[in-house]
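Each of the two complexes below includes chain A, the first together with chain B, the second together with chain C.
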Partner chain A sequence: MTLQELATALEWDVQCVGADLDVAVLGGYCGDLLSHALATAKPGEVWITIQHHANIVAVAQVTGLAGIALAGGVRATDAVVERAREAGVPIFSSADSAFILAAKIHHALRSEAR
Partner chain B sequence: MRFVHQIKPRDIEHGGIASAQIKRELREGGVSAHDARRAGIVAFEGEMNLIVYSVRGGTVEVDVYPDSIEIVVEDDGPGIGDIDLALTPGYSTAPDWATELGFGAGMGLPNMQRNSDGFEIHSHMGTGTRIRCRIERREDDPARTGHSA
Partner chain C sequence: MRDFAADLHIHTCLSPCGELAMSPRAIVSAAVSRKLDLIAVTDHNTSRMTEVVAREAARCGIAFLHGLELQTEEDVHLLAYFEDAAAARGFSDRIYDLLPDRANVPDVFGDQVAVDEHETIVCTEHRLLLNSLRLGFEAAVAWITEAGGLAVPAHVDRVPYGLVAQLGMVPEGVDLPLAEADGNALPPECRKSALMWSSDAHTPDAVGRRFTVFHIAAPTVAELLKAARSEHGRSLHVVRASKSGDAS
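Up next, the complex of A and B:
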């Protein structure tokens, strides 16, 4: 399942226009501690977080994440979106809580795998 | 190849930009995705330590050799009082403003160590800290990673 397909299925608001959404999503990681994300998240995963400052873009770049899904209606500022656009890191915003968002992503990826 | 990045203290707004650039430069220089990712994580943690803790900032230096990548993170203070404690996962002295942003998990130095094949840290209070990380280079294994991130 691509990031675009996942974003459409889960009705995410695409905050970072211009990023490549035609990448395969290999899983998800949920958490708000940056070093824990660096240590645990795997390349190709979607990062579910409520952190929405500029440093999350670098974490996603360094870790090789497919994109960032901001939970609980959190939205990145224009400055963060601009940095993400320059870096080619997709950022989405969802009204769902991190818990619900993780469940939906898990369900979507499992459904496709069947 | 050699890259040197100057990092300013408390410049949280630009935190991670140098590390992302280092990863990109390594990839463009023919370093495997696996190695560039490890180097990027080491550089990020070092860069953020300079931003959060150092008095006057410091440098992140990257040297690429045929068999390895060497990253040296250096500042001139304040220094680490108890290195063994600082290397303990979960231990952190991060200020509140940093923990509110998701830093201060106590995993910075352990992440640097875990992503290095050689790790040395020298620090003295009042003098500063020098961390040297060596990553042994290896080619990507498509069967293992399945992608080139």
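Up next, the complex of A and C:
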């Protein structure tokens, strides 16, 4: 499943347009401690977080995450979106809580794998 | 120019995690016995106790800076220092409105009481102080600087609440001349900062267990900055107190 398909299926608000959404989503990573994300997030995963500090862009870039899904209605500021655009990191915003969002992503990826 | 043995991270009884024993008298008396020259009290998100501790410190010949330990929106702990009591008070009042209106639960978090110089409780803070401000890290640093203060990230190597754990790296464009660490050296992410040690004392016996010696002309924010940048002959080095309480 591509990031575009996932974003459409889950009705995410695409905050950072222009980034490549045609990439395969391989899994998910949840957490708000950026050092932990840096150490353990894997390439191709979608990062579910409520952390909207600008450093999330660098972390996603360095780890090769497919994109960042901000949970709980959290939105990235224009400055963060601009940085993400420059770095080619997709950012989405969802009204769902991190818990619900993780469940939905897991369900979508599993359904496709069947 | 002279050496100032400085412990710039001390909690009073107003911090929920600070022992009730952390009164102005107890803190200053511990500082005197540890032969400290300069102290700052840094309660969570408030400077309310600094003026009474400053008076006690002055009485005992110890220099003082008015401090706070902010908790930013990203759960980063950030120390702020002011020379001027009014500047600290104004800053403290400004950020109080950014603290979530969640009540303290003393049985869980601890008591939040302000006391006077006679160790009499003068008021209880009902809003939980150990909570995140609705203020991002960069904005917090900017606010402190604009108010004439010095921003120093606290225990940058601690998980959680340290800058590196919470934000992974120092945000771009933020100048942090001084950074406090628990470990013997600053993590590589903070290599542009100078290392500061302090006690983060919550009990009287912990005051001065680790401290920093600043070689400066006066105990001011400007002089601390110069020491951090090794400017004009100013310098600093960190010290761990030996068990007897003497500097080693």
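One rule holds in what follows: the second predicted complex is superposed on the first by the 114 of 114 C-alpha atoms of A that agree within 3 Å, B and C clash if a C-alpha of one lies under 4 Å from a C-alpha of the other, contacts with A are read in each partner's own complex, and residues count from 1 in each chain.
Keep this in mind: a residue touches a chain if its C-beta (ideal position, glycine included) is under 8 Å from a C-beta of that chain, and two chains touch if they have at least 3 such contacts.
A quick note: this is a predicted structure, and the numbers were derived from the prediction, not measured.
Steric overlap between chain B and chain C is present once the structures are superposed on chain A. Applying the stated contact rule after C-alpha superposition, one finds that A:43 touches chain B and leaves chain C untouched.
Between chain B and chain C, more residues of chain A are touched by B.
With both structures placed on the common chain, the touch criterion links A:34 to chain B and to chain C.
Of the two partner chains, chain B is the only one that A:87 touches; chain C does not reach it. In the superposition on chain A, contact of A:24 is made with chain B only, not with chain C.
In the superposition on chain A, contact is made by A:58 with both chain B and chain C.
Common to the chain B-facing and chain C-facing surfaces of chain A are residues 33-36, 38, 51, 53-55, 58-59. In the complex of the two chains, the chain A residues touching chain C come out as 33-38, 51, 53-55, 58-59.
Taken together, the chain A residues at the contact with chain B in this complex read 24, 26, 32-36, 38-39, 43-44, 49, 51, 53-59, 61-65, 87. Contact residues on chain B toward chain A in their complex (touch as defined above): 12-17, 19-20, 23-24, 33, 37, 40-41, 43-45, 48, 101-103, 105-108, 110-111, 114, 145-147, 149. The touching residues of chain C, when paired with chain A in their complex, are 73-74, 136-137, 159-160, 164-169, 171-172.
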